[in-house]
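Comments concern the structure below.
Letters are used for the chains, namely A, B and C, taken in the order the chains are written, and counting of residues starts over at 1 for each.
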Amino acid sequence: MTIDVRDPVRPAPMLPPVDVAPLRRARLRATGVQAACVAVSLFMALPIVLIGLAAVSSRAALAEFPKPLVPSEFALDSLLSFLRATGTLPALGNSVLAGLYAVFWSLVVGAPAGYALARHAFRGKDAYQMFILLVRALPIVVLSVPLATMFLRLDVYDTVLAVTLVHTALALPTTVLITASIFVSVPADLEEAAQVFGCTRWQAARRVVVPLALPGLAASSIFTFVLSWNELLGATVVTLGHRTLPAQVLTSLAEASVAYRFAGGFALILPALLFIFVMRRYLLNLWGTTLR
Amino acid sequence: MAELILRDLAKTYPGASTRATDDVSLDVADGEFMVLLGPSGCGKTTLLRMVAGLELPDAGQIVIGGKDVTYLEPRRRNLSMVFQSYAVFPNKKVADNIGFGLRMRGVPADGVRRKVEWAADLLQLRPYLDRYPSRLSGGQRQRVAVARAIVMDADILLMDEPLSNLDALLRLNFRAELKKLVAELGTTTLYVTHDQVEALSLGDRVAVLRDGVLVQCGPPGAVYDEPADEFVGGFLGSPPMNFLTGTVCTDEGRPRVDFGGQSVPVPAALSSYHGKRLRLGIRPEAIQLGDGGGLRGELQVLEPLGASALLTTDVCGQTIKVQAPATFRAEPGRRLALRLPVDQCRWYDPETSLLLEVR
Amino acid sequence: MRSRSPWLLLLPSLVLMAALFGWPLVQAVLAAFRDEGGFTLAHWQRLLTDPYFLPALRNTVLLIVIVLPVQLALAIGMALLVQARPRFIGGHFYLWCVPLAISELAAGLVWLSVFDNRGYLNSLLVSLGLSENGVQWLSYENTTTMLLTVVIAEIWRATSLVFVIVVAGMQVIPRDYDEAAQVFGASLGQRLRHVTLPLLMPSLQVALILRTILALQAFAVAQALTGRDFPLLVGETYEWYVNLRNPAVSSAVALVVLALSLGTALLYLRTVRQPEGAR
């Protein structure tokens, strides 16, 4: 009853057989890609595994040569003696404190600037951005020595505050750029709507923008913390007794035993594994695009 | 130039619950201009990308010029393509963009240059050959994309909504130019669009897709005149085809369909629908206004459209749109006589929405 | 009011950066050229006659010249692997990014466990019978192997940064360009040369500048692996300040680093720029 207005598909006399050679090529290529991925992953992961194994080897196992891949005897005494070594625990505390303070201050100082860049068009904006990029390019080593002198005079030398100041300044350009990109991605309409409904500009920013920007701000905070956790030169130069952990490890390196070095290295790496895991979704934005 | 055969192409994107294309079969003759038409998400672009080799089908076969290319890499298929976004390389000057495909094939430099100049003349790009695309307008970039595609002497020319990013006037002009160009070249062309006017104006044949299924394929006139189902009737034409539901009854031995007090005759072939419901489809421009006979509709809205006037009328609670002459004047509320020429009426089964044979 | 408010928001950051960057920079320049008696070049003379300075300069430049091209090639390759979307790419991506958060010092210590005389590499060589007592990779007599170990450690530590920048750059390139190149007959190599790399140029430029500046500041890797046997410029700053207690010479070395940083940045900006009008 119903008609088929579709063009009747002409029965093509002889269709050639399906050629699956390209599929085989594609599969081979995929295998190659996977093998390359595994190779790179091994290069990245193996050294961490090795130092981890070294850190949990007993002293006797560490002294063995040739060393087996898996230590003959596991023991936590290297790690424990590293933790018990003079200065380690206070240094750990200093590192955490300096990191947290730097996160706080870089956000308090940097986020408003980022907000201004994202929401306002004003004369001197380009100049300000240029200034920020220039500051990013300054090697910390140039600054650390005069900073140490300055801190000596201000009587903050060899304090967590001194390290905090250095790290805040270091993290500031990045914080400004990251927060600017975060605020750009929060629609200005929402904020204007809030103002229409009777919020002041400040209330609108606090009640509407901050909650939406929170995940990005958190990521930016971790970025600052990582920077502070890893920064070595500035922290070494502006402190003497109140070291951060990397500074402590660096200055003890010369007299340190092999066990201390491996345990210290592993202790410095562990947080890195966690940071990157927490941050993996934001990595591209933080280290990638906003660095321009 | 070559013939293109698609057989039972099926593709489901990873993570998707429905098929992007569902056993689509289509033959495109050598030199034919075939338009794939459908709303967004109907699978037309997926189909095009499978022909290009940018997606691989889960099942089915693609044959170009007698050679199986189902899984072949794109670069070995001897195709050329115009992208919706133009995809004109921003780092290459216009001349290098147009000659890109030839250079990749290893054509010597002077051969490339001759071809590039030929295409540039055809598309009025001569003055821009030394420029970078960032200094061209959108329309000029689209011309570069077309020029890049036509210099290839490819077996199949693929076009993915090439006009959709142009503004209305430019689109109208370039459409005619494109039609002339492709007709002169005589290349087998597969053209994807969601714009029914484009499809009707350009295609030797139009293939309408919906939800991954090929609904109808035929010359534009046939697809427009005899939509295979209500979807096609509603998708082609602006305003779309009218559809009215009525019940088949007999009056003096002749079958009629009754819309609730008013009725029109039904072809004898449909008398088996006696007592059942039936859908009438008719194009707004096929309805004649005039002297009695047919249906009476109450005018609700009159919209002057310049070249014509669009009337919205009410017939027994169902809406019929009528295209009237631009000079037509009437106040809302007036009752109009609508004549529905028998040869313009199409009949559809209310259950399946499919066109019913009446001859 | 409206026009003043952005500057109010910017003010704290400007003050902080001026105090912690601007002022110390001026001080650093002054310190390097001044002593009690006013202007002097004595610090520079002292620096130039120091037996460690020229090797440090040479090593720093050598390290950059070797490491950077390798990192760039490796990072582009890794980014292309990511673009191919193989299975488990999430896990691979995580591992490839881990070094981003690992400090120079930790990286040095990691590779110390490998290259140490009684480390994993020598253990492997000896147990495979390839060597009797292993190779003295880090001995001060073996400048080449020392360089090699520092190079490997730097590649391991800092390729992630280039990788992340390159991946981010690739993701903003519309896929259409690559697909167009494929359809128009370009092979993988041709697509890289004609499409991907040119479009990636801005990202590569950022990566190069950033990595060069950071590589100029590298020192803890070498410090952890070799002590002062493989001197680097920033290591010398540290040495002059912390161990030799001479801030003036230390500042002079730091200024050399600064000059090299600015110089390379300018060089890259000039040479790796896109042709006029492109993009």
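As a working rule, a contact is a pair of C-beta atoms (placed from the backbone, for glycine too) under 8 Å apart; a residue touches a chain by one contact, two chains touch by 3 or more.
The chain list, named the UniProt way, goes like this: A = Carbohydrate ABC transporter membrane protein 2 (CUT1 family); B = Carbohydrate ABC transporter ATP-binding protein (CUT1 family); C = Carbohydrate ABC transporter membrane protein 1 (CUT1 family).
Everything quoted here is computed from the prediction, not taken from an experiment.
Q: Quick one: which chains contact chain A and chain C both?
A: Under the touch definition, chain A and chain C have B as mutual neighbours.
Q: Compute per-chain Cα centres, compare each with the mean of all protein Cα atoms, and return the closest chain.
A: Chain nearest the centroid of all protein C-alpha atoms: A.
Q: Among the chains, which has its CA centre at the largest distance from chain B's?
A: In terms of C-alpha centroids, the chain at the greatest distance from chain B is C.
Q: With chain centres taken as the means of their Cα atoms, state the distance from chain A to chain C in Å.
A: 16
Q: Can you compute the centre-to-centre distance for chain B and chain C, using the mean CA position of each chain? Integer Å is fine.
A: 56
Q: Please compute the C-alpha centroid of chain A, do the same for chain B, then give the distance between them in whole Å.
A: Measuring from centre to centre gives 52 Å for this pair.
Q: Which positions in chain C touch two or more other chains at once?
A: Correct list: empty.
Q: Which chain B residues touch at least two other chains?
A: Within chain B, residues 73 contact more than one other chain.
Q: Taking the complex as given, what residues does chain C use to touch chain B?
A: Per the touch definition, chain C meets chain B at residues 174, 176-177, 179-187, 190, 194-195, 198-199, 201, 274-275, 277-279.
Q: Quick one: which bits of chain A touch chain B in the complex? Just the residue numbers, please.
A: 1-7, 9-10, 12, 15-23, 25-26
Q: Chain C touches which residues of chain B in the complex?
A: Spelled out, the residues of chain B in touch with chain C are 52-54, 73-75, 77, 79-81, 83, 85, 87, 89-92, 100-101, 104-105, 131-132, 134-135, 148, 152, 158.
Q: Under the definition above, what is the set of chain C residues touching chain A in their complex?
A: These residues of chain C touch chain A: 3, 5-7, 9-10, 12-14, 16-17, 20-21, 23-25, 27-28, 31, 74, 77-78, 81, 84, 86-106, 108-114, 116, 118-120, 122-124, 126-127, 134, 156, 160-161, 164-165, 167-169, 171-172, 202, 206, 209-210, 213, 216-217, 219-220, 223-224, 227, 234, 237-238, 241-242, 247, 250-251, 253-255, 257-258, 261-262, 265.
Q: Applying the document's contact rule, which stretches of chain B touch chain A when the two form their complex?
A: Touch residues, chain B against chain A: 5, 7, 25-27, 56, 61, 63, 66-73, 76, 205, 214-218, 222-223, 226-228, 272, 349, 352, 354-357.
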